[in-house]
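Naming follows writing order (A, B, C and D), and every chain is counted from residue 1.
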Amino acid sequence: MPDLGFDIAHMLAGSLVLVSLMMLYQDRLPALINVFAVHAMLLAGSVAWQAYVQDEPQLYITSAIALGFKGVMIPMALRRIIFRLGIHREIEPVVSTGLTMLAGMALVALAMVVMLRATPEATPLAREDLAFALSVLLLGLLMMVSRRNAVGQVVGFMSLENGLILAATGARGMPLVVEISVAFSILIAFIVIGIFLFRIRERFDTVDVQVLDQFRGERP
Amino acid sequence: MNLSVSLILIFAIPAGAAAVLALVPGYRLSSRINMFASLMTLAAGVSLFFIPAHTDNYLLLDDLNIVFIVLNSFVGFTTSVFSASYITHELDTGRLTPAYLRFYHAMYQVMMFGMNLALIANNIGLMWVAIELATLATILMVGIYRTHEALEAAWKYFILGSVGIGFALFGTILVYMAAQPVVGEGLPAMVWSVLVARAGDFDPALLNIAFIFLLLGYGTKVGLAPLHAWLPDAHAEGPTPISAVLSGLLLNVALYAVLRFKMLLAANTGALAPGPLMMAMGLLSLIFAAFMLYRRRDIKRMFAYSSIEHMGIIVFAFGFGGPLANFAGLLQMTMHSLAKSAIFFAVGHIAQAKGTQRIAEIRGLTASHPVLGWALVLGVVAIAGMPPLGVFMSEFLVVSSTFARESWLAIPLVFGLLVAFGALMLRLNGLAFGEAAGSTAKVKASYLPMFGHLALVLAAGVYLPPALVLWFQHVAGMLG
Amino acid sequence: MDLIVDYSLQGVQMLLVVTAAPALTGLVRKVKARLMRRAGPPILQPYRDLARLMRKEAVIAANASWLFRAVPYLVFAATWVAAALVPTFATGLPFSWTADLIAIIALLGSARFLLALAGMDVGTSFGGIGSSREMLIASLAEPAMMMIIFVLALIAGSTQLSTIAEFMLSTEAGLRVSLGLALVALIMVAIAENARIPVDNPATHLELTMVHEAMVLEYSGRHLGLIELSASLKLLLYVSLIACVFAPWGLAPMQSGLLSWLIGIGTWLLKLAVAAFALALFETSIAKMRVFRVPEFLGAAFMLGLLGALLEFVLAGF
Amino acid sequence: MTPVDFSLLCNAALLLLAPVAVAIAAARPAAWRAIYLVSLVLTFTMAGSSIAFALSGAPASSEIFPLGIPWIGAHFREDMLSAVFLAVVNLGAAGASFYAIGYGKHEAAPGRVLPFYPLFIAAMNLVILSDDAFSFLLSWEFMSLTSWALVMAHHRSETNRHAGYVYIVMASFGTLALLLAFGLLAGPEGNYAFETMRGTAPAAAIGWLVLLLVLLGAGSKAGIVPLHVWLPLAHPAAPSHVSALMSGVMTKVAIYAVIRIIFDLAGAPEWWHGMVVLVLGGITAAIGVLHALMEHDLKRLLAYHTIENIGIIFIGLGLAMAFQANGMGAAAALSLTAALFHVFNHSLFKSLLFFGSGAVLNATGERDMEHLGGLIHRMPQTAFAFLIGCAAISALPPLNGFVSEWMTFQAILLSPSLPQWGLRLAVPATGALLALSAALAAACFVKAFGVSFLGRARSPAAARANETDIWSRTAMLIWAGLCLLFGLFPALAIDALGPAVQSLLNSRLPAQAEIPWFLLVPIAGSRSSYDGLLVFMFITASVLLSVAVIHLLASRAVRRGPIWDCGFPNPTPLAQYSAGSFAQPIRRVFGTLVFRAREKVAMPPPGDMAPAHFDVDIHDLAWEKIYVPVAAGIEFTAGRLNGLQFLTIRRYLTLVFLALVALLLVLAIWT
């Protein structure tokens, strides 16, 4: 059973990395959101599996949040936003997709090198999971810095956060995981619905962060 | 009454006050409640001196965090006094509405709650939650004026802060992962006092990665370059009491978290020494901020950069380590909190009197507003490290202890100090001296917090009470 | 008894220099005139000039200050004291310890300082030009002089003129390159300091070339007389200085008898006469240089002195 | 009560005077005189007590307070050296206070002067009394801070603000350099008390570093070239009595720091350390005086002369180091005594000259000499005192400035017995520079006095000037009297310096006071001697004699007439020789080399009646070659980095991202 448990967890975490890389590759917002939904669902699966393996029923809550909130609600909300704003046509990555992919690969490699060397004695499950989680985190960050559009950045941030949840659930017996995942969900909701759309649209009529940048302090 | 209850009180009072303030409509009353609650928190903080050290799975009281808590509640209290007179003016000029003020006061206490909880938490998860709560509260406060600039600053703060939150959480998870095989699953593996006791058995490599994430995550809050970007704008665009609290308190709380994890790493012989990383980031922040001071046009933004500079020095000192440098770091931190918040108090009134924050439009303050002007001079002189004010002593100790052990490291340090000094004095020259420009209208200011802080800084520059010295020395020894 | 003799000797020296000074000037003028195939005024003419100037009333510019009137006396006194401290016919006079060579030169400096101030007192352009140029020359001549003093002091181990003279009389001195350099430099400095050709022309009133004369242009009567006397004294001082250092023969040593003193006076007068001839010969055979060439002239003197000093410094250890 | 206690008590009183001054400025401005009066009394008593202490030769007294760095405490100590400098500081401060009782009346912003004045004096005293590095640096920087505040007293002028800025930055630079020097001396254990530093001589390898840092730190305060640039800006900007303090006294505190560290704390100096100091001193003296010559602003001119005199003092210090390193105790004692005596003398005449310039400034509102002239008629007593000061600073006998320079020359003449080649070459060269600067100083003060006080008034303000008040005049005349007194009786001061020199070098000059006629014989009678008293008496006698003879036997008639001027008198005062034209020959000689001076003459074409114009370009090469590039470098870096304030959030995130990746890479590579 441990073997199977490990394999499935490994597979799910690995696919998360893969999906992260896929997200980097997307250059249209609707597609990006779809891929992100897949990402969230995979995370939900992974967390559910961990809940099962670790026999920690409260992790199912986290899994459910990942599935319902991030896999369904947020993508829907985002899609509505981009369609209403008419920016669903395309997104402009700052650097070319090829280069971004290459950088993504390098980051995954870096994550592996750092993590696998790091934990020789840790359980393989935790170790592999951590390596993947770090990869997902780094890829999410890369996504944030390579997208000019705020929606893209939010998606990047959410995938970063997925990596965190992956790591947290991979850590056997870690307390407060559910609370953290709830807190993060609220944070994201905060970003997406509360401050972001309400205030930014109220003032700027667009969600392109570059417009915001015109109001950086001190520029005459 | 059992004084141990003040362990709870220091965060329970702000939490309760926040709830009350959210319900009280009148701003005069709420500013009084705010002051009163802050004073009570301060009293609770001071009473911590009289109770024995405490450790359980959630709360921790040792000599290190008492220093932070007392400083925190003290500046929190004085800022609430300043805030009371400051906010009235904002209401008069219509920059804030009573509704927003209600929100402001509630958030003020939420922030104090978060910071005090973070300081007293023994659980690294709880600490994380508390710091993020405080951060979120300040983000809301920064955006409270709802001008383009304020929203932009808040947004920037929010995004960068969220990434920092993520990093810190990842670091926390990694620490748990490192502890879990040794301590066992569950709560104890997140209890700092347990962790530090058994850190020697942890997997060092995992701790290394954890520390990098924690340093970057909490370092974002400390304002270390190159993670500092949110800091100047948040200081410049938010209400001045919040700028004072940010510089005087929040940075310290984040620094406290870094220090706790540094101690954890130091307890593991196999892990990398956290010192060099901190020193490098400290020096980078110092020199970078020193250069950034020159081109500033906004007075609050300039002092925000000066905060980055000082946090650089402090982080450098703690990174350098050893009883002397740690002592110097603690002293520098205390002095910086007091002096910088005093400067922000002065700057707040100055900006109100002149109706602008632009440095170019504020001139000849010592002529037009002598008391505020000289207070600003005194504050800047203090923050620039001139005697007989306290920062001079701490910088003396930082530089000389560095020079004694690693002479070459003192050169960039001294260089950064000098460059920053040049910038501060250059701006002070224009701000405080010359023909007065702009409005010379009297401003109703509360001088007490400002001069209270400066008097403390002055006294500390000449005489440190032996009890305080012993305390700091003990803490410096703890920090290793 | 000895004390009285000593003091009277000092008195004699003081009187001697002040009486001999105009004669020296007169002799130089006479010889120069003869060299130019003119008859020239008699050697004693300067005494008559002085007497006449002293008797005349002094005409002073309306806006002249007290300083203007005090300076001639002060300049004369400082120069006189300085001249009296240079050994003329005898070494080791009782007050020769009052000032060494550096102090003597500095005393002359005081005199010049005051005279230059007086030149600026009335507020004329000529006075200013004279003062300015005088101070330029002085500021170049003094370092050169100091270098010469270095050389002498290094050789003789003293800056005390009596000691130097005694050392030069002894056999230890010998012939040295640095001494030769110092001599040449000293002569150059002396020429500059005394406003002689080619640095300045004591006889001219051609405005653009004047230095010393421009400075004292506003003086008349007894004031002018004192200044002229001071100038003569200064010339005498430099001649005595050169004589006592580089030609100390005949100088009466300490505690010697009347005869050697008389011999001393005689040889000193002889030396003065020789110097006067040499100076006149030199002045007639050379043209005055432009004011802005003077720095080069004095710079050369300075270099010679420095060279001499360096030679001595470097060789001193061997 | 021990001497140190007494001095500390007086200083505590001075410190407490500051809040009183604030109160006075706020509530009863009319009572400002009280501040100066109390300062006068306090400083005068301190000067008296320290002189008494210096003469007594009693052992040092010390005191430790639980102030400052807690585990070290604040150490204070008064020994022979500190007593000498305390006397210099407090005598200067007493003079300035006395002068200010009158001068302060003209102060436009007394509220900006009164509180800082006693603080400034106390800070200088505390530097000298400090016996540990922290108290020393605290007082040192406090001294800079308070004097900066005084420089900023007249803050409305842009020049003054600039001066204050340059000053405070240089001061901070100096403090940091000194801090590093003390860090080296204290060693890794942090023994900041001077007591322990004295016991442990630093390793020879770091000796040069200590020297370098001390020269940077204390040298920048003293004004050695090329760290002098702030001095001619800041000293004149302050009110004149403060200028007198800064120039006459504060620079001496810097000299004190050099002596204290090099001779007392740093152990035996190497011979080439002496050479460095010596050559720096020579260059400083020459550059300082040349700049002074080019200067037309009376107070700036005086400030540049401070640089020159600091150079002279450094020559003496360098010689003392060189001799001491070679075990030539007597010669070292002569050099150090000369330096210390010059310290004292300079404090006298520089204060006097600044007092005079302050009086002129008050009477005419002018510092520019080109607008002065003829003041000797309007302000005769000021003119007389100023003249004495000019003669003293020009090293003319029989005044005090000459004696100390004469002693320095005597020390230079002892140097052939030094074994090192480097020194044998450097010393005569320095001697030449010293002689040059002495001669140029005379030229400069002929210019300063001649243009300001003599001639005819060049502006209506100068023509209307009135003699200054009685307090200022009295202060100036007393100080002029002191200049003369110590010129005639130098033995008084030299013997008082003996114990201090003895304590530092273990040898001293023979006592001079026992020699008849107050003759000064530093080494041996056959070598050199000087007697200012006799010279003075001879001159006086000669003057009296010649006056008597001429007035009795010849004519005493005087007729006032128009100006002669070779027959071409020009009635406009502007036709007088100006300060610029006075300096022109010297500028021609040295200008191209030292200042890159360029003269521009704009002559209108024939027939055009427009006036011709004449301009001179003077460059301070130290400023242009060192400070301007450094400032430009900082400006450039600040400009380039400034872009980082205006990045987009995405770019900031990129920075965070790169920092993370970099740290992870470090981890991946290093572990």
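The definition used in the following text is that contacts are C-beta pairs under 8 Å (C-beta built on N, C-alpha and C of every residue); 3 or more make two chains touch, one makes a residue touch a chain.
Keep in mind the model is a prediction, meaning the values are calculated, not measured.
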### Selected pair, greater C-beta contact count between A-D and C-D
C-D
### Task
Could you put a whole-Å number on the gap between the CA centroids of chain C and chain D?
35
### Task
Return the distance between the CA-based centres of chain A and chain D, expressed in whole Å.
69
### Task
Mind checking the centre-to-centre distance between chain B and chain C? Centres are C-alpha means, answer in whole Å.
78
### Query
Taking each chain's centre as the mean position of its Cα atoms, how many Å separate chain A from chain C?
99
### Query
Do you know which chain B residues sit against two or more other chains?
155, 159, 163, 205, 208-209, 232
### Task
Would you give the residues of chain C that are in contact with at least 2 other chains, written as numbers and ranges?
none
## Note on the structure
Shared-interface residues of chain D (touching two or more other chains) are 645, 647, 649, 653, 656, 660, 664, 667, 671
### Touching pairs among all chains present in the structure
A-B, A-D, B-D, C-D
### Message
Under the stated contact criterion, what part of chain D meets chain B in this complex?
### Response
66-71, 112, 133-134, 137-139, 141-142, 144-145, 152, 155-156, 158, 161, 164-165, 168-169, 172-173, 176, 179-180, 182-184, 186-190, 192, 634-635, 637-639, 641-642, 644-645, 647, 649, 652-653, 655-656, 658-660, 663-664, 667, 670-671
### Message
Taking the touch rule as given, give the residues of chain C at its contact with chain D in the complex, in rising order.
### Response
51, 54-67, 69, 73-74, 76-78, 80-81, 84, 95, 97-100, 102-103, 106-107, 109-110, 112-113, 116-117, 119-129, 131-133, 135-136, 138-143, 145-147, 150, 153-154, 157-160, 163, 205, 207, 217-218, 220-222, 226, 291-292, 295, 302, 306, 309-310, 312-314, 316-317
#### Entry: Of all residues in chain D, those that touch chain A in their complex
645-651, 653-654, 656-657, 660-661, 664-665, 667-668, 671
### Task
Give every residue of chain A touching chain D within the complex, in rising order.
94, 107, 110-111, 113-114, 117, 138, 141-142, 144-145, 147-148, 153, 209-210, 212-213, 216-219
#### Entry: chain B partner contacts - residues on chain A that touch it in the complex
114-115, 117-123, 126, 130, 133-134, 137, 141, 144, 153, 157, 160-161, 163-164, 167-168, 171-176, 179-180, 183, 187, 191, 195, 199-200, 203, 212-213, 215-218, 220
